[in-house]
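Order as written gives the chain letters A, B, C and D; numbering starts at 1 within each chain.
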Amino acid sequence: MSFNTFGRLFRFTSFGESHGAAIGCVVDGCPPRIPLTAEEIQVHLDKRRPGQSRFTTQRQEPDAVKILSGVFADEATGRQVTTGTPIMLMIENIDQRSKDYSAIKDKYRPGHAGYTYDVKYGIHDYRGGGRASARETAVRVAAGSVARKVVPGLTVRGALVQMGPHQVDRSRWDWNEVERNPFFCPDPVQAKFFEDYLDGVRKSGSSIGAVIEVVAEGVPPGLGAPVYGKLDADLAAALMSINAVKGVEIGDGFASAELSGEDNADEMRMGNEGKPVFLSNHAGGILGGISTGQPIVARFAVKPTSSILTPRKTVDRYGNDTEIVTKGRHDPCVGIRAVPIGEAMVACVLADHYLMHRAQVGEGTAWPFEKR
Amino acid sequence: MSFNTFGRLFRFTSFGESHGAAIGCVVDGCPPRIPLTAEEIQVHLDKRRPGQSRFTTQRQEPDAVKILSGVFADEATGRQVTTGTPIMLMIENIDQRSKDYSAIKDKYRPGHAGYTYDVKYGIHDYRGGGRASARETAVRVAAGSVARKVVPGLTVRGALVQMGPHQVDRSRWDWNEVERNPFFCPDPVQAKFFEDYLDGVRKSGSSIGAVIEVVAEGVPPGLGAPVYGKLDADLAAALMSINAVKGVEIGDGFASAELSGEDNADEMRMGNEGKPVFLSNHAGGILGGISTGQPIVARFAVKPTSSILTPRKTVDRYGNDTEIVTKGRHDPCVGIRAVPIGEAMVACVLADHYLMHRAQVGEGTAWPFEKR
Amino acid sequence: MSFNTFGRLFRFTSFGESHGAAIGCVVDGCPPRIPLTAEEIQVHLDKRRPGQSRFTTQRQEPDAVKILSGVFADEATGRQVTTGTPIMLMIENIDQRSKDYSAIKDKYRPGHAGYTYDVKYGIHDYRGGGRASARETAVRVAAGSVARKVVPGLTVRGALVQMGPHQVDRSRWDWNEVERNPFFCPDPVQAKFFEDYLDGVRKSGSSIGAVIEVVAEGVPPGLGAPVYGKLDADLAAALMSINAVKGVEIGDGFASAELSGEDNADEMRMGNEGKPVFLSNHAGGILGGISTGQPIVARFAVKPTSSILTPRKTVDRYGNDTEIVTKGRHDPCVGIRAVPIGEAMVACVLADHYLMHRAQVGEGTAWPFEKR
Amino acid sequence: MSFNTFGRLFRFTSFGESHGAAIGCVVDGCPPRIPLTAEEIQVHLDKRRPGQSRFTTQRQEPDAVKILSGVFADEATGRQVTTGTPIMLMIENIDQRSKDYSAIKDKYRPGHAGYTYDVKYGIHDYRGGGRASARETAVRVAAGSVARKVVPGLTVRGALVQMGPHQVDRSRWDWNEVERNPFFCPDPVQAKFFEDYLDGVRKSGSSIGAVIEVVAEGVPPGLGAPVYGKLDADLAAALMSINAVKGVEIGDGFASAELSGEDNADEMRMGNEGKPVFLSNHAGGILGGISTGQPIVARFAVKPTSSILTPRKTVDRYGNDTEIVTKGRHDPCVGIRAVPIGEAMVACVLADHYLMHRAQVGEGTAWPFEKR
């Protein structure tokens, strides 16, 4: 997990800038003989794709993915399958209006990575953020759609649970609702409210933050590599690496600071299938860095984008005080499109740990204990 | 960053169980010719050491560290310095009362890693948690005390900012106060309150969670390796890998979800030293995964320990329903001792990124830009 | 250094098959602000390119490289420079005559990776070897041409020093001659002989092995990361990873087994520039895994290609005994085109270690000692 | 594979200097529930241990290994087994006669790593080579003895096949003979000759090189991670990382440069067990970086030690020309003790690849193909 490569055994190496010819990634370590088509990947990319409602940036990008290597037509079945060698996924950039950025070419946007990239590398790719652009997250979604197929029985779903100060009502949670509104919001009532709320934000040229929750079901117990490769540590890094994310929590997260030991304990009972079951899930499916078999629950906070119409004080590349206004096409709430990205990162972490667990311990887990 | 090795270039590999002969770590990649003595490391270990007040476990461990390799007496100065080769730090276990655990030998403690270790590895080291014990965190503190010396001018300090639902009052923040009370609390009024509060928790055989804040000052701008080795992503993994941590945030963290783009922007002005200065620090010192030069601010939530006197429902290793009570010597609030651990992990991440930055870009940063 | 990623800090991730749409790599960790154009890379690719003489395969591939990311036009100078972010290098495949392989579709070629890929992955990409094709080595040359620019003052040159049983006469060694004959042979007399010799091999439909020597000059002393990341260990892995390589040696190599301690010692004297000089170079520029500052000398043995016209006994994918003849377009001596590949791998290892050394020790080395 | 950590999934991190308190390593990633005792490890260490005949250094080191973590008494069987957590192996240094080195304290030994360590780190640990000492190789043997238990059915054996210019006669090869003479020589006639030969070298205060061959049997087909983590590339790095090694070859190695494609091809036929068998093993058990299932054959060349009685020209730390004679207790042929070290490194590479293969492809291989 370093630089532009994510993961250890299931890993992908990402490239590309907002206004270059293409973005993409090389997925390495994927098991062989897994059916995989560009169409399957496209389904997930389409969820992240900009320009689908008035609540996301109006940049028009088809985000059409091509598989340039690592697949082969299986003769027996006629299906296209992975070969175990690197899978190259490429997305060409289409709508690159570099002119949008000429006015702010030499200015740093407060709260944006342009400044730190320039301090570090001495390069200021003002065109849409260059490598720091949210455009890079498309390749995470592409890689994540491969990862989903690596862990048998895995389901990873995400939802927006807070926009600005407004949280969803969990008693109204409906996963089907998530696909019916432009916010990936599981609460139909709150989704309705968000339309008006975000219209207000958008029209004022402002932006707002959000909180996203990702739930992974079907995660086998035993995944995780203590003590510095804990499953939750890797999830935290994965989610925090997404643009604009400022906080990550697992299970009860920060609320667990307020709990007593009695309230926090997820009690256990033997279930009907001869396996232990938990009576609650404060832990969010992870104990000691290892999955329990319960759903894994992670949340992350997304700050508001720095691209706003209100002038902000800043400096330019030449050391002068100045002001900046960002007039490009931007998302009033970048948290919305972070939903499929968060899902993808969780899927990648789980695929990686699934392979690591299989390496060290072999297929399956050790339970039932008495039979060892 | 994987399994029992933390870090990439500045890294340490940890070993040892709660009730084995010793715990320790091998620090690798440390630059040569840095003065280093066991006494310096001991200072930090003593802060984490148990049994120093009635608010932490009464296990008596001197936690005396020995340096078994990687240092050499510099002839010119007579000082002991690092050699650039592996620094082995060892702490022998002294107070291992295994009998304390015999009553719960075959039972899983709800909320504890014993269950998941058994599911994963088929091994149940019931004696104090084995490898999953908080005892392992001593080696993090030892490694962190080496890391602090790698980054010139670096200061890393931590404080407990919340216990249960009770937060400190930031207007009373006093770093000197942190060393005057047994809670590492920066607010003298709240520290007084915590004495009574935690006594109540302790006497009832319960436990409580906490939130810790770590602030790193003197961090050079430019540290961080986008996009999957971002400084904040690594901090998130480092802090989440600490036992019992369930949430991590940088700067405004989850509160930034409620902010507008205007409020979240850290505006800039040219400072008197010819460098840009920021007018606020919502970002917590990191933009786009790269340090800005402002103080880095991270917080993490620690859940209450699962070792409590109130009986909880659970199962045993043989698939029977049962109840469990934990009578060993435990911390009513494990968050207290997490303060020096959090500091250590932050120091290790910064040392690692300091070396990575020097590798790619060389000494220093690129500013002032016009002079390049 | 694992799977399809080579290197630690300066590293590249390779993708693509012989008969897919494209091959390429993502170079990550490259320092910023290094001038880089596709033309510079093309110079090296053209040396490896097939079809340039009757002594290499007649497959016609322009091997035209494109830089898809990681460079930016420096405004001050107008030059294209690296940005410090991933450099994507892509080479499209043009001449893919898949029909050539239909006759051997289900048969394993003795001495070829087709069998082991099928055993491992259950996939048999019969079209020119798929991922195991020597075509993959083009991306190594591309990555190596970036690596050459990372280490200031570095020169890496290679030569063919043996074909079949015929060695060059080192007394006639002339680096300029290497570019004058189609064998990269530094001995003009032997080069003349190789023309007739290899014509004989070629016309008989056979193939022959070779030995390549690579010499790196301008390598700073101090590069290397003992004890498992030794410079020579990394060179050995790098060269052994090239297709068809079966042996690697540094300095005197296997001949040093026959030497006495007296003969093997590279004696030292203080040189005119106030630095130690060596009176010989049996060590090949490396002691204890660390560069001495002398030229680094590595050699590797390349086996003959398995693509020959003489029938060989083999089995097919369905478990039947059979015979195979390979009629495609192949190299009678694959060792020839291994020269630029070996150079590239040596350059990549040196760039990686240059960055690793800078990370741990900072710029430069510690000599002169008295001034420390 | 970097710095002082070897391996990816099965890996060990080594520490310690020749004249420090102890040497040792932390073995990480080992599968759980493998029976392991210190006695088993000691068997292999005793083979490498100095002072066992007049042909190795007279330093008296019991090399007694202790397991400080990572094992647990399995209750069901009463056996000590691995837990899946880090296994700490420690060997205390006993016989540290630092005075032996005082005469050469400030001088560099030609052909020894003392110079390059000083250039790199600015530290000159003159006492027996410090970290660069062959003493470090004891921990490789210890780690290797754990690795041997990871791959079911694996046997790794080594032999000295050449001393100085004198090779063994392979027609007399007898593995049992290897344990009967102090040279690990498989040829009883040549072993007899080596006694006189090496006595002559020893008495003259000189030293001599050697070639070692390691053969691994029972290696499952399919191990290896192309294209940069090839099994042979990793073996090359592993063997080249051993002190004093200057060359590595697989199968026919450098001799394959002289072969034609016809002679080099290992032809195949269906065997009686319904699996393909090879009619020869020029490849040394590896094709395309992946194991074929045949025995893996690797050889490496060991240079003569630089510790000799004949004066050699050198410089001192202060930049003066001088001469050096090494009077300590040294091995006339360090290649002898390299035999168990080579075995250990091969075992570690195979254990690592066994786990990596299991991660990506699962248990077993894909053959027979028709049944997939």
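Just so we're on the same page, a residue touches a chain if its C-beta (ideal position, glycine included) is under 8 Å from a C-beta of that chain, and two chains touch if they have at least 3 such contacts.
Note that the structure is predicted; figures quoted are calculated from it, not measured.
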*asked:* Quick check on the contact graph: shortest path length from chain A to chain C, in steps?
replied: 1
_Most remote chain, CA-based centroid, reference being chain A_ = D
_Count the C-beta contact pairs for C-D and for A-D, then tell me which is higher._
C-D
*Express in whole angstrom the distance between the two chain centres, defined as the mean CA positions of chain C and chain D.*
26
*Mind checking the centre-to-centre distance between chain B and chain D? Centres are C-alpha means, answer in whole Å.*
38
*If you average the Cα atoms of chain A and of chain D to get two centres, how far apart are those centres in Å?*
44
*asked:* If I count partner chains per residue in chain A, which residues reach a count of at least 2?
replied: 3-5, 14, 29, 32-33, 84-85, 120-122, 131, 226, 361, 372
*Contact footprint of chain C on chain D as seen in their complex*: 1-6, 8, 14, 108, 110-122, 131-132, 136, 162-165, 201, 206-211, 221-222, 224-230, 232-241, 243, 246-262, 264-270, 274, 276, 279, 282-284, 286-293, 301-308, 310, 312-315, 317-321, 335, 357, 361, 365-370, 372
*What does chain C use to touch chain A in their complex?*
3-5, 13-17, 20-24, 26, 28-29, 32-33, 66, 68-70, 72, 81, 83-88, 120-123, 125, 130-131
_chain D residues touching chain A - in the complex, by the definition given at the top_ = 9, 29-33, 76, 84-85, 226, 355-356, 358-363, 372
